[in-house]
Structure formats: structure tokens, C-alpha cells
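Quick one: the structure is below, and I'll ask about it shortly.
Order of writing sets the labels: A, B and C. Residues in every chain begin at 1.
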Amino acid sequence: MLEVRNLTKNFGGIAAVNNVSFSIGAEGNKGEIVGLIGPNGAGKTTLINVITGVHPASSGNIFFEGRDITTQKPWQCARSGLARTFQIVQPFPAMTVLENVTAGALFSGGAVNKLDAERIALGHLEFVGLAHEAQRLASTLTLPSRKKLELAKSLAMNPRVLMLDEVNAGLNTGEIDKALELMNSIAASGVTILIVEHLMKVVFSLCHKVLVLHHGELIAEGVPREVAKDAKVVEAYLGHKFASKLQKMDAGASSNV
Amino acid sequence: MLQALANGLMLGGLYACIAVGFSLVWGVLNIINMMHGSLIIFAGYVTYFIWYGTKLSPIVLLLPVIIALFIFGYLLQYLVINRVVKRPVLTTLTLTFGLDMILYNFMNSFFEATPRRISLNWGSFTIADIVLPIDRLVAMALAFILTFVLYLLLRTSKVGRAIVAVRMDRDAASLMGIQIPQIYAITFGLGAAMAGACGVLFAVAFPVTTNISGLLLGKAFVICVIGGLGSVPGALIGGLALGLIESFGSHWFGPQNAITIGFILMLILLMVRPTGLLGVKGYE
Amino acid sequence: MNKSITAFLLVFITLAAMPFIADNYFVKLATFIAMYSALALSWNFIGGFTGYPSFATAAFIGLGSYAGAILQNAGINLVTAWVFASIITIIFAAFLGFAILRVKGHYFAVGSIAVVEVLRLITSSWSSFTGGGDGLNVKIMEGGPDFAGRVFLYAMLCVMLLAFLTTLWVDRSKFGFGLKAIKQNEDAADMVGINVTIYKIAAFSLSAVFCGTTGAIYASWIGYIAPVDAFSILTTLKVPVMVLLGGEGTVFGPVLGALVFVILEESVWAHFLEANQAILGLIIVFLIFFLPGGILKIDYRKLLAKIRGVKGA
């Protein structure tokens, strides 16, 4: 469904995204949940920005449902069925919660008019558990509610691929568990999810597949368990010194058996 | 042709001085100070009348005028403008526009709009067919010197560096313990002071009248777009560029069209490279 | 919403009735109020709804004035000239918008002022076509001042009504919803599926069309236009102030602001000729400090607290 080929994005002299290729949500894998992990500064958000057209790609291609969308602007991606949330949430602050989600439904969710869009919006608000706050101004919401709002807004856009950028940052354990439930339901309805995450618990419990980014390059791809053992990944997170210490410890342990 | 070059350079120095205060305020406080042109004229008038009455050389008057306008600017920012400094550009621009109307009216009533010029009659000297009026040369030299002094101030003094820090990142600067309202007031004061200096120098080289306060403001805009915001080198490059453009434009297309060319250039730059030739990014 | 419509009708009917209830002075005043209402409502599309502070208003007025005047002088009938002037203005605005709407905030504001200046300077130079700095004379309407006064009053009122109806439509439509989203968070609006560029250009063009029309009508009304008045920086700065005064982004705010401003200006001008600019300046300063959202958005409790605070300080 979403395929990225040799995608590179340069800022000045630095390659923030370097020759990245992967594919998610392919036929038969709809409703796949793919994790995108990597140390800070690895280029995860930049990758999402390039895919959705916020930054133009320096080279490479992006394919969505078979069509080349490399040069599409964000609004075109949105209308095609590719939605994303922002790491630092981006609501419409002076609009109500309902209006925020209505915008999603109206401009890319296929609603025929504002009234229709509101109806759809309410449905999504109920799904995330924000229906009771429908008339509150978005700027007055707490952080967990804002994240839910962001999620509801992107769901209202009727996406086939949804990219979530650290949607759990700042939430406590209970809130995270609820969020995981929501995401499983979304995937179950056939939406492919790409989720940028730092919390390993989320990655392990939720993701069918994991992509690991480091210094803009894709260094590993696979099932969570496998990726966690990958030496390159360990080194990326822990640094060379620690990683080699760990390797020696492992080697020492196995030689004592 | 060479005369046009010389004229352009002389103008350029003065223009840089016109713009540098405006650019600093815009770059650091994120405020477009619509009063800037009028402040220049105000200083010009005041200097003229003191010169006329006491025959004191304008060079001598330079320092007191600068100090007086610094204080005026400081107080204005601290007491009035600081309250709205975080509001969007439309609000702050409208406020300074309102303040400008008050100043403009005051000047018109008090000084009347007749053009005044401090005629020093220093003559001129000629090199290879190029006429260089001495008063304009002196004005240009002083303009460059003052601009350079400001540059040094920003780079080396504690206050200057604090101002640059605020320009780069207001929140980070505040976290470092820099008192933002004070820095804003000082910066605005500096902007007014430079406008004052410019007014004194301008009055030596050209006739001063309230009718051109808008024109001067317009030139300051153009220079800021050409050179980038909040940087002294930027204002210098922008000023020189505009001086040369107007001089050559006047030479080739006639003096009345020279100004138009400057504005058109600014529009083109805005579309193509809004951060200016030096790429110093202003606020959005 | 209905309150806005009622308020508007009240103002509209009062203005329309002016020839029957008062003398030519008031008819002229009413015409100005109608004109500025149309201008304020226009600005509201790009400045109020979309959040792009445009100072290009005078550029559109001037363009409309000259287009209308030149067409009229070429023999084209009055209303047709006005319509063509409007069309020319909207085309110009679309191209201009495409060029400068890419930059936000300050740069957009400065660029829009520059357009006014450039147009003024070009008009001044191009004497063969526009009469240059000396200005252009337009055929005065026949029928005597009373008749002419009414014609132009009702012409301006028509434009005001059209502008208001357009505002109502925009406010309720998907288009208006999109504009408001752009104003609050342009990146999020893009992300949600709004074609931000087209929307902005459309709003900008809308903000131009009625300015062009009023410019053309004004030229026919006064019978003479010159670059410095047609492309007046003062006008281009006054119009946003009117909208700020009444309440930007609202439906009735611009009309209210225009009404209050023109009346204030008239009273001040009549009594304090020498200081009238200073007093207007003071009014603007007062506006910024005490009426940040405009008259329609006054939070009375906050206002009282502020006044008390100022007194106590």
C-alpha cells in the first residue's frame, strides 16, 4: 500500500533521510501495524514529513496504492487516504473539538457537507472517548485529550494508511494501555498503521513488524523480537562502547555454559 | 557613469544608517516600527532648528540627539509598546502607525512641512570628473562610522550580545536569565537613536520635510528585505545596494523611476528569497 | 448570526433612507459609510477570516478607479465600466496573490504595502495613459448634485450589500471553514486536506473585487482621480483599523467598525482640523490597548478591570 524506494532528503549538507526503502500494508497485509523506531534525531519525523509532502524529497520515490505520490503536497496525500498525526499536536485552537474533527471529515473524509461531516466526526469522537468534550475549545484540552483529538481528526479523514508520530509521549501507563486498545481496533478495521515510538512495551505488544532508523538510514527491518537482538540496533541505541561490552558479556556467559 | 557609482555609494552609506535601526527593531522585537521615518525627520528638524538658532555644528549635535532619541525610544518601548509586543504583526504595526500619526501631526503643527536643510557650504572636490560634495561625503563617512560602532556594540558588549541572543531565540535567552522587556526597550532605544543619528546626517545632505517620512520608511523596508533582518552587515549591504540601484536607475531611467525600481526589486525578492541576500531569517 | 443580519439591515436601511430624511451632507456621509463598509468587509476575507494582514486594499481601489475612469473616458457606459473595472481588479489580485501569498505574516504585510507604492509610482510615470501625477478627469454625472448624490449612494449601497451577502455565504460555507482553519494553523489545515494555496488566492481575490468596484464608483462620483489619492497608504492602513475596531473575522464587525470610524473621523475632523491626525492616532492607540478584539468582542468584565488597573497604577 505504501512503498518507499531509495528515498533521500538532504538539508544543507546532511542527509536526514538516506536511501530508505520499505513497504507496508501490502496486499494481504492490510491492517498491519508497523513500528518505526530509532534513537533521537534518527530522522523518523523527517521521513514522515517527506512522505506526506511537507518537505520535498531530494531523491527517490514514494508510491501509495500503486500511484507515484512523490511530488504531492500534504493536502493531496490527505485526500488520497494517507493521514498523519504530529508529534507536537497541531489542533485548530480556537475551534471546538467537534469542529476540529469535522474539518478532517469535510476536507478529506468524503463528507458531502458540513452536517454530514459533523455526524461522522461525532462517531469518531465517541470511538476515542472524547464525545463528551465536543463543544470545548481545543486550546483548553489536557494533553491526553489533545492526543485523542489528533487521532480522531486523522481517523475522520478516512485514511487507508495512518502514520502516528509519538502519539503516546506524555501519557501515563493507564492512558497508554487505552491508546493501545484504540490502535488495535483501528488496525482491525483495515487501516495500516505506521507508528513512531520510543516505548518498547508499545512496540513489542502492538507491532507486527519494526523498521529501525539510525542517522537517516534504515538499519534493520523485521519482527520486533528479531530486531531487538540485531547487533546494529543495539549499537545504535547503546553506542559502540556499551554494545561491545554487552557482546563480551554475552560471549563470556555462553562460554561458561 | 562613475558619477552614478559615486553617488550611489554616498547614498548607500546614508541609506544603511536609515535602515539599520529599523532592521534591528524588526529582527529582535518582531515589530515593524512605522514611526521610523518620522523619527528620522524629527531628529532632522530638531537639529536644524538648534543649528539655525545657535550655529552649533551638526557634528557636535550628533551625540546629544542620539542620546535624546535613545531615551525617547527606550521609554516609549518600556511604557507603551512592551505591552503589546507579543501580539501579531497587524496589531503592533497598527499601534506604531497610530503613534506615528501623532508624531507626524505634532511635527507638522510645530515645525511646519517646509523643507529645511542644514547648508554647511563646505563645497566639494572633484576627482577625475566625479563631483563629490563634501557635506555628503562627511555624512556618508559618519554614517558608516556610526553603523560600525553599532556593530561593535552588538558584538562585543554584554548588552549587545544579549540583544543578539534575544534575536536568535527569545525563549532560550529568557531562560538564560536575560530580562526580555529591558532588552526590548534598549533595542528600541537603539533603533530610535540610529534614526536620530540618521536624521542629523540626512539634514546635512538633503532637505528634510515631513512629506518624505513615508518615503524614508519605504526605503527602510526595501533595505531590510534586500539585506535581511536584524543584522548590521545586512543593513549595510542592503543600503549600499539600494543606493547603487537608485543611482544607476536614476541615471538610466530618470530620477522619478529610480524609487519604483527599488520597490519592484523588493517585491521580486519577497517572492523569491524573502530572507534577504544575506539569508538572515526574520520571523514569519 | 441573525443578530448580525438584523444589525446590518438596520444600518443599511438607515443609510438608504438618508436622501429622504436629511440633506446632502448626510447623503455624502452615508455614501462614505457604505463605501468603507464594503472595503472593510472585503478586507475581512483575507485579513479576518484567513489571518493574512493585507495592506493591498489601496492597490485594488486605485486599480479599480483608474480602470473605471479610463474606460468611462473611452466612452463606455457607467455601470459597464464599473463591472469591467471589478473584473480587471480580481484578475490582478489572483496573479498577485499567487506571487506573494507564499510568504506569511510580516513579509506578506510589507509586500502588500509595496504593491500599493509600486502601482502609485507606475501610474504617476505613465502619463500618456493615466494622466500621470496631474490626475485624470472623469465626466461628471448629469442631473444635478442631488440626483448624482443619490445615484452614487445607492451604487455604494449595492456594493456594500453584495459584500455583506458574500461574507454571509463565506462564513457558513465549507470555503469559509477552510479559511478559518488556515488562519488558526496553516500546516494542520494543509494536513487535513485543504488546498491552502488555492484557498488563500481565492480569499485574496475576493478581498479585491469589491475594492475595485468601489474604486471605480468613487472615480465616477468625484470626477477626478490622482495617483496619490487613488493609491493612498492612509486608506490602506485605515481599512484594517476599521475591521479591528468592529471585530475582525465576524460578519457584522467590519460594517460596525466602518460606521463608527467614519463618524468619529467626521466629528474629529470637523472640530479639530489641526490635530485631527493626532487624535485619530490616539484613537488607534486606545483601540489597540482597550479593544483588542474589537467592539463586538468586548469582554466587559476584563475591560472594567483594565480601566481600574490603569487608574490605580
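Quick note on the criterion: a contact is a pair of C-beta atoms (placed from the backbone, for glycine too) under 8 Å apart; a residue touches a chain by one contact, two chains touch by 3 or more.
Keep in mind that this is a model prediction, so the values were computed, not measured.
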| item | value |
| --- | --- |
| Distance-to-centre winner among chains (Cα means, whole assembly as reference) | C |
| Which of A-C and B-C has more C-beta contact pairs | B-C |
| Most remote chain, CA-based centroid, reference being subunit B | A |
| Euclidean distance of C-alpha centroids - subunit A vs subunit B, Å | 49 |
| Distance between chain centroids, defined by C-alpha means - subunit B, subunit C (Å) | 31 |
| Geometric centre distance via CA averages, subunit C-subunit A, whole Å | 45 |
| Complex interface listing, subunit C residues touching subunit A | 174, 177-178, 180-181, 184-185, 187-196 |
| Subunit C partner contacts - residues on subunit B that touch it in the complex | 26, 30, 32, 80, 83-84, 87-91, 93-95, 97-106, 108-109, 214, 218, 221-222, 225, 256-257, 259-260, 263-264, 266-267, 270-271, 274, 282-284 |
| In the complex with subunit C, residue positions of subunit A that touch it | 52, 54, 73-75, 78-79, 83-84, 86, 90-95, 99, 102-104, 106-109, 113-114, 153, 157 |
| Residue ranges of subunit C in contact with subunit B within the complex | 47, 53, 99-100, 102-107, 109-111, 113-115, 117-118, 121-122, 124-125, 233, 237, 240-241, 244, 274-278, 280-285, 287-289, 292 |
